[in-house]
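Quick heads-up: structures coming right below.
Both of the next two complexes hold chain A, though its partner changes from chain B to chain C.
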Partner chain A sequence: MELSGTLLAIVLFAPLVAFLIQILLVGRWVRGPRVAGAVVSLLGVGVPFFLVLVGVVPHLFEPTAVLWVPQAPLRWIDLGPLSFQVGLMVDNTTKVLLFMVTLVCLMIHLFSVEYMKVRDGEPEPYYSRFFAYLSLFTFAMILLTLSDNLLTLFIGWELMGLCSYLLIGFYYERKSAQDAAIKAFLTTRVGDVLLLIGLAIVWASVGSLRLPEVAQGVQAGAIKGWLLTLAGLFLFAGAVGKSAQFPLHTWLPDAMEGPTPVSALIHAATMVAAGVYLAARMLQVGLFDERTLLVVAYVGGFTALFAASIALVQTDIKRVLAYSTVSQLGYMMLAVGVGNYTAALFHLLTHAFFKACLFLGSGSVIHALHEAFHRHHLHADAQDMRNMGGLRRRMPLTFGTFLIATLAISGIPLTAGFLSKDAILAGSLAYVLEHPQHLMLAVFGFIAAAMTAFYMFRLVFWTFAGTPGGRALGPEADAVRGALAEVRESSWVMTVPLAVLAFFALWIFWSLHPASEGWIAEVLSGAEGWLPEAAHRAEAHGHGPASVHLWTMVLSVGLALLGVLVAALFYLYRRWSTERFAQGQFARVLEAKYGLDALYDWAFVRNAHRLSQWSGRFDLRVIDGAVNGLAYLVVGARHSFTWVTGAIDRYVVDGAVNGVAWLLRQLGAGFRQLQTGYIQGYLLVVFSGLVALAFLISAAFR
Partner chain B sequence: MVADDGLAWFFKLVILGTALLTCLVSIRSPEVFDAFRGEFFVLVVFAALGMVLMAGAANLLMLYLAMETASLSSYVLAGFLSGQSRSAEASFKYVIYGAVASGVMLFGLSLLFGIGGTLDLAELPAALAGASPLAVVLALLFVLAGLGYKLASVPFHMWSPDVYEGAPLPVTAFLSVASKAGAFALTLRFFDEAFGDRAIALATQWPLLLALISLLTMTIGNLAAIGQRNMKRLLAYSSIAHGGYLLMGVVALANPAVRAEAMAAVGFYFVAYLFMNLGAFYVVQHLAEPERLNSEMIADYAGLLRRSPFLAVALSIFLFSLIGIPPFAGFWAKLYLFEAFVRAGLEAEGIAGGRHLWLVVAALLNTAISLYYYLYVVKTMCFDSAVEDRPVRAHPAFVGLMLVLLIPTFVLGLLWSREELGVPVVQVEASASLSSSVSPTLGTPFRR
Partner chain C sequence: MITLTHYLAVSSLLFVFGMFAVLTRRNAIAMLMGVELILNAANLNFVAFSKYVLGGVLGQVVGLFVIVLAAAEAAIALAIILDIYQELATINPDETTELKG
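Moving on, here comes the complex of A and B:
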C-alpha cells in the first residue's frame, strides 16, 4: 500500500477517536457488556497496526524517502516574526518505531482484556476508563514518533506524562498508588520544565522547532558555543526525567504501583524510551555537542551500573524489572553519548519487545497468584518473589516466553538483546580506545552486563525453579505453598501476546546471522534524507574495527555467562549462601537504594509539605475562595506592617481583611455608588468628565 | 460617503453574524416571544443597518447619521418589554443619555467642519494641518463623547449597566457585541484616516488621550464588576472592560508601521469576542427562563455543575475565554492585541502614544483583577452546594447553538493565522492601494 498522508492521519487519530468514544460514550451510556470498551480500544490500536504493517513496513528499505504531511508544514501558532510550524514526518527511524509502538501497544491491549477484568475479586468498575487511558496514551506516543517538530513532540510527551500519572494511580484507593502517581508526575515535571527551557533556547536562536530547520540552523551556526551546550543539557534533562536516568530515576520503581500492563507499555516499552528517542534525535540534528554528549554518556553509563546494582537485592518481581528498565535505558543513553545512534535505537526496539514480554510474563504470574491467593483468602503479596517458586511446571508457556526474554536481556547469543547490547558495548569500547581517559564508560557497561545476567536469572530461579513457595516466610507460608500448587496457566488472551513478544526477542527477526546487526543497522544508519550533508557526523562514530566487535562479543558473553553461573550457584544449586552478603553493610545500602529516595523525601517532599501546609493556613486566613497572587503579596506587606505597628494583627488572622481583594472590592463599591440609577447623575459624570479632560488637555498644551 | 474596504467588510460580517444569531435566539426567548410582535425583527435589522453603515462611514455626516440610525432602533429594542418598568426605564435612560452624547458629538463634528472646511475624513488631515492643535483636540474630545458613548468607555459608560440589565437579554447580547463592533470600526477609521497622520498625532497627542481613556475604562469596568450579584450587570461591566482593552488597538494606530496589524488585532478580538460574549449571554438567558433557574443572580447558580453539567461547563469555558486563559480564543485575541500595542511602542520613534507600555502593564494587572469576578462565578457554579437538586435541562436546539459558539471559542486561536486568514490586513492593504484608482461604489476615494 502506498505510504500516504491519509494513512498516517488514520494511524495517528484512530487511537484518539477510540479514546473519545470511550470517555464520552462507553462509560456513560453503554450499560451492557463492558467488553465493548476493550473492543473499541483494540480497534483503535489494531487498525493503526494493520496500516503500519501494510503501508509503512514495505517501505523500510527506501532510506531516502521521507514523507512530509502536509507537504508544506502548517503555520500553527503565529506570532508575527516567529511562528510554530507543525507537521508529520516519516523517515527510517519513524518507520521502525511505528512498527514497534503499534505492535507492542496492540499486544498489551490484548493482554489487558483478560488481566484487567477483576479488581479485588469484583468485576473491575473502571474497565472502560482503563482502556480509554491506554488509547489516549497510544495516540500520544504515535504523535511523538510522527512529529517533525519539537512542539508537537513536546505535546505528545506531556500527554504521555498525564496518562502515566492517571494509570499509575489507577488503583486510586491505595495510598501507595496515589503517592507513586504524584511522585512520578512531579519528578518528571522537573525534567520537563528544563526541557521546555531548552526548547525555548532553540526556538529563540534558530527561530524554528522543526527538526530539519533546527539541523540546518545548528549547522549554519545559529546556535553554538556554550549556548549550544546549555541548550543540549536542558534538552537532555528532559530525557533524564522521562527515561528515569540518575538522578531523576526514583519515580520509575514506584510507578510499578500501576497495573502490570501499564508497567509493560508505559514504564518499560514506550514512554520511558521516548527520552532516549529525544536524545537520539538531538544527536541527529546536532544539538548535542561534544560536552553534552560526554555528560549523556556518563549519566547513561553510570545509571546502567547503578540501577543494576539496586536490582540485585529487590524481592518484588516488578521492582526488579523496573530497576532493570532503568539500567537498560542507561545503556541506550550511553550509546547516544558515544555517538552510536544506531545502537541506541536498536536497543530501544529490542528492549521494548523483550521487556514488555518480561513484564507481561510477570503479570501473568501475578494474575495467577492473585487468583489462587484470593481463592484461599490469603493476604500474601502476589508480587513478592519469595511467595513464588516452582511455577515452571504450573505455567509452562509463561515460563518459556519469560526465559527467552531473560536470555535476551542478559545478552546471551541467539537473542535480539545480544545483538543490540553487543552493538552498544562495541560502540563504547571503540570510543574508549579512541579516548582512553574515558575508560570508565566501557567499564560501567561491561560490569552492568554481568549484573544484569545475575539479577535476571536470580528472578527466574526464584520464580520458576525450585519448590513452590520454598522461600515463603511468615505465618501463611504453608497456605501459600498449598495455593501455589493450584496455580493454573493463564488463558490464551494473555499467552498469545507473550508468544508474539517472545518471538521478537529472538535473533531471527532482526538478523539472519546471529552475530551481526542485520538489516536494522542498514535501515537506521542510512543517511536520513532530510538531514543536511554534514550532519551525518552522528554516523561517523560507533563503528569500530571488526576486532573490537569480536572482543566485545567474547567479553560480554563471558561476563553474562559468569552472571548466570553465579546466580545458579547461589539460587539454583544452592552451593553458595547469600546470608553473609545479605547481612553486610553493602546489602543494606543497596536495599535502601543508596538512600536517594529518602534524601529526596527529606529534601523536597517534606519541605514542600511544610510549605503547602503553611500556605494552606495562610490561604484559609486571608482569602475566602479566590486565589489571588496580588492579594497574597499585598497581604504579606500588610502583615509585616501590622507586625511593626503591632496593632491589628487579629484582623488579619480572622480573615476580615482580604488584602487587595478587599481593596478592590472597596474601590468597586465606590464606583458602584456612582451608579445611582439616576440619569441626571450619569449626565453629570459625562459633563464633569468632559470638563476635566478638557482642562487636562488645555493644561497640557499650555 | 461610505468606504468599501476590508475593515468595513470584516466588521460588517461580525455585525451581521451577531444580528443573525440574535434573531435566531429571539425566536425562542420567552421575553420576546410572549410579547411577540413582528417589529422586533425589523428593529434588529434596522439597528444592524445603522451599525453596518457605521462600519463603513468615511464622512463626518455619514458617521453621525449612521450612529443615529443605529441608536434610534436600539432605544426601542431596549424598551421592548413595554409591560416591564425595568425595560421602560432602561430605554428612557438610553434615549436621554444618547441624545446628550450625540448632541455633544455633533458639536464636536461641527467644530471639525468649521476648522477644516470639509466633511470627508480622508481630506481632514490636509485641512487640519495649519489649525491650532488645541482647537482640534478639543473638537476631538467632543467627538469622543459620542464615540465613547457608543463604545461604552469611561466616563461615557454609565448608561450601559442599566440598559444591559433592563433590556431583554437577546437585545443586551446584541448591543454588547454588534453595537460595539460598529463603534470600533467607526473609531478605527476615524482615527486612522483623519488623525493617523504622524504630524497630527504629534501635535494633538490624541494617542495619550485615548490611552488614558483606555486605562480608565478597563480599570473601572473591572473594579465595578467585582461584587456584582446580577450576572447581566457583571457581563455589562466586563463588556466595558473589554472595550478598554480594545481601545489599546486604536492607540496603536498612532504608529503607521503597525496600523494594519493593530486593525487585524482589533478585528480578531471582535471575532473571539462575538463567540465568547454571545455565548456567555445566551447561557445566562437560557438559565433565566422560567422552567430553568428563573433567575439572573449569581447566587442562584450555586451547584449548577451538578444540576446541569453542560450549561455549567459551557459558561465556564466562555468565562475562561473572557479572562484570556489559553487555549481559548480570548487568550489569542488579547495576545495579538497586546503584541500589536507593544510593537507599536517598540517601533515608534517619537510618536506620541506609541511608548505607552505602561498601558500594557495596566492591562495585564486588569486581567488579573478580572480573574476574581469571572472565577467567582465559576466557583459558585462548581464548588458551592445547590439549594435544590432539581436537574436543569438545556433545550436540544440550545445545545446545538452552544456548540456553534463553543467550538470556535476552542479552536479559533489555534487555527487563526494572520497570513492565511488575516482578512483585515490583506484587504486593508489591498484597498489602500486600489481605492485611488478604482472608485468604490458609494465612497469617495481616500488617499492613505
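Moving on, here comes the complex of A and C:
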C-alpha cells in the first residue's frame, strides 16, 4: 500500500474520532450494550494498527528515509510575522515507533475490555469514559510521533499530560487517586514549562519549529555556544518530567493508583516513551551539545541505579514495576547521553513490549485476586505481593508470559531486552573507554543491571513460586490462603494480549542472531533523509570496537545471572534470610524512597498550603479592609453632598425625564389611533401601498 | 396564440380576487384562501416570465418554492386560527381586536 498523507491522517485521527464518538454519543444518546464503547475504541486503534501494518511496515527498508513530508505544509497559525507550519513526517524512527505504539495500545485496549468490566463486584459505571480516555491518549501519542514540528509535538505532549491526569484519577472517589493524579499533572508540568521555555529559545534563534529546519538552523550556527546548551538543558528538563527521571520521578510510582491497563499504557507505549523520544530527536537535530549530553548521561545513569535500588524493597507488585520503569528509562537517557540514540530507541521499543506485558500480567494477577478476595469478602490488598504466591499452577499462561518478560527486562540472553540493554551498556562502556573520567556512567549501568535482575526475580518468586499466601500477614492470612487456592486463570481476552506482547519480548522478532542487534539497528541508524549530513556524526561514536561488545555481554549476563541467583537464594530456596537487612538503616532509607517524596511534600506542598493560607488571610484582612474602608469614606462623603445633589436631582434631572415622558405620551396618543385592531383595515393599507407602488413604478418606466 | 399578456391578465384577475377575499370576508379561513389565490397569481407570473422572457427553468423552480412556502404558511396560519378560536370563540376578523391600541 502506498504511504500517503491520507493514510497517515487516518492513522492519526482514527483514535480521536473514536474518542469524540464515545465522549459525545455513547452512553448519552446511544443506549446499547456497554461493550459498544469498547468496540468503538478497539476500532479506533485497530484501524491505525492495520494501516501501519500494510502501509508503513512494508516501507521499512526503503532507502529513502523520509517518506512523506507534505509539499505544502499546513499554514496553521498565521499571526503576521509569526507563522507556524505543521505537517506530518515519517522517517525510520517514526516507522518503528508507530508500529510499536499502535500494537501495544491495541493490546492494552483489548485487555481492558475484560479488566475494566467490574469494579468492586458491580459493573463499571464509567466503562465507555475509560475507553474514551484511552483513545485520546493513543491519539496524543500518535500525534507526537508523527509530528514534523515541535509545536504539534508539544500539543500531543500536553494532551498526554491531561490524559494521564484523567486516567490516574479514574477512581476519583479515592483520595489517594486524586492526589496521585494531581501529583502526576503538576510534577510533569514543572518539566513542561521548562520545555516550553526551551522551545521559545529555539523559535527565537532558529525561526522555525519544524524539525528539518531546526536541524539545518543548528548546522548553520543559528544557535550555538551557551545558548545552545541552555536550550538543550531546558528541552531535556521537559523529558525529565515526562520520562520520570531523577529528580522529577516521584509521580510515576504514585501513578499506580490508576487502573492497571493505564499503568501499562503510561509506562510502556506512551507517556514515558515521549520523553525519551524527544531526547533522541533533539540529539538527532543537534540541539544537545556536549555539555547537555553529559548532563543527560549522568541524570539517566543515576536514575537507573537510584530507582533500581528503591525497587529492591517495595512490596506492592505495581510499585516494583513502576520503579523498574523509571530505572529502564534511565538506561535510555544514558544511551542518549553517550550519543547512542539507536540503542536508546531500540530499548524504548523492546521495553514497551515487555513492560506492557509485565503490567498486563500483573493486571491479570490482580484481577484474579480481586475477584477471589471479593468472593470471600476479604479486604486484603490484591496488589500486595505478600498476599500472593504459588500462582504458577493456578495461572500458567500469565506466569509463562510474565516469566518471558521478566527474563527480557533482566537482560538474559535469547530475549529482546538482552539485545537492547546490551547495546546501551556497550555504548556506555565504549564512551567510558574514550573518556575515562566518566567511569561512573558505566558503573551505574552495570550495577543497575544486576539489581534489575534481582528485584524482578524477587517479584516472580514472591508472586508465582512458593506456597499460596505464604507471606500473608495479619488476621486475614488464613482466609487469604483459602481464597488463593481458588484463583482461576483469566479469560482469553486478557491472555491473548499477554501472549502477543510476550512474543515481542523474545529475540526472534528483532534479530535472527540471538546476540547481535538485527534489522532494527540497521533501520534506526540508517541516515534520516531530512537530516543534514553532519548530524550523523553524533551516531558514529557510541558503538566502539567489537571487543567492547563481547566484554559487555559477558559482564551484563554475568551480573544479571548473579542477581537472579541471589534472588533465588533469598526467596526461592530460603538459604539466606533478609531479616537482618530489612531491619537495617539502609532498608529504611530505601523504603522511604530516599526521602524525596517527603522532601517535596515539605518543601513544596506544605509551603504551597502555607502560602495559600497566608494569602487567604491577607485577602480577608488587608484587601477586604481596604474595600470596606473605602466604602465607609464614600458613605460619609455622600451625606455632605446630599443637599446639592438633591436639588439638582429634583429640578434638572427629574424635569428632563418628565419632559421626555410627556412628549412621548403625546406622540403615543396620536399613533394609537392608527392601531385599530382590525386586521382587514391594516391589509387595506398594505394593498393601497401596493397599488400606489405599482403606479409609481409603471410611471417611472414609461 | 396565447402570449405573455394573456397570462398576466389571468394572474392579475387571480390577484384581485384574492385581494378581494382577504379584505372583505368575515371568516379568517376564507381570508386565508384569498392569500392562497394571491400566491398562485404570483406563481403564474413567475412561470410565465420564465417561459417568455428568461428561458430556462428558474421561474418554475421559484414556483415550486412558493408552493412549499404556501403549504408551510397555511399550516401555521390554520394553527393560529385554531388558537384564536379557542381563546375568543370566534374567527371573525372584525371581532378579534384584542391588540387595539
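The working rule: the second predicted complex is superposed on the first by the 607 of 702 C-alpha atoms of A that agree within 3 Å, B and C clash if a C-alpha of one lies under 4 Å from a C-alpha of the other, contacts with A are read in each partner's own complex, and residues count from 1 in each chain.
The criterion applied here is as follows: a residue touches a chain if its C-beta (ideal position, glycine included) is under 8 Å from a C-beta of that chain, and two chains touch if they have at least 3 such contacts.
Predicted model only: the values in this text are computed from it and were never measured.
**Q** Touching A:667, do we find chain B (first), chain C (second), both, or neither?
**A** In the superposition, A:667 touches chain B alone.
**Q** So, A:701: does it touch chain B (first), chain C (second), both, or neither?
**A** A:701: touches chain B, not chain C.
**Q** Contacts for A:679 in the overlay, against chain B (first) and chain C (second): which applies, first, second, both or neither?
**A** Both partners, chain B and chain C.
**Q** Have a look at where A:569 lands relative to chain B and chain C in the superposition and call it first, second, both or neither.
**A** neither
**Q** Touch check for A:689: first (chain B), second (chain C), both, or neither?
**A** In the superposition, A:689 touches chain B alone.
**Q** Once chain A of both complexes is superposed, is A:54 in touch with chain B (first), chain C (second), both, or neither?
**A** Neither partner.
**Q** Comparing chain C with chain B, which touches more residues belonging to chain A?
**A** The partner making contact with more of chain A's residues is B.
**Q** Using the superposition on A, tell me which residues of chain A are in contact with chain B and, in the other complex, with chain C.
**A** On chain A, the overlap between the chain B and chain C contacts is residues 671-672, 674-675, 677, 679, 683.
**Q** Please name which positions on chain A make contact with chain C in the complex.
**A** Listed in rising order, the residues are 671-680, 683-684, 687.
**Q** If you look only at chain A, which of its residues touch chain B in the complex?
**A** 75-80, 83, 625-626, 628-630, 661, 664-665, 667-669, 671-672, 674-675, 677, 679, 681-683, 685-686, 688-690, 693-694, 697-698, 700-701
**Q** What residues on chain C touch chain A, complex-wise?
**A** 19, 22-24, 31, 93-94, 96-101
**Q** Going by the contact rule set out above, which residues of chain B touch chain A in the complex?
**A** 92-93, 96-97, 100-101, 104, 133-134, 137-138, 141-142, 145, 154-156, 158-159, 161-162, 205, 209, 220, 223-227, 261, 335, 339, 343, 365, 368-369, 371-372, 375-376, 379, 414, 416-420
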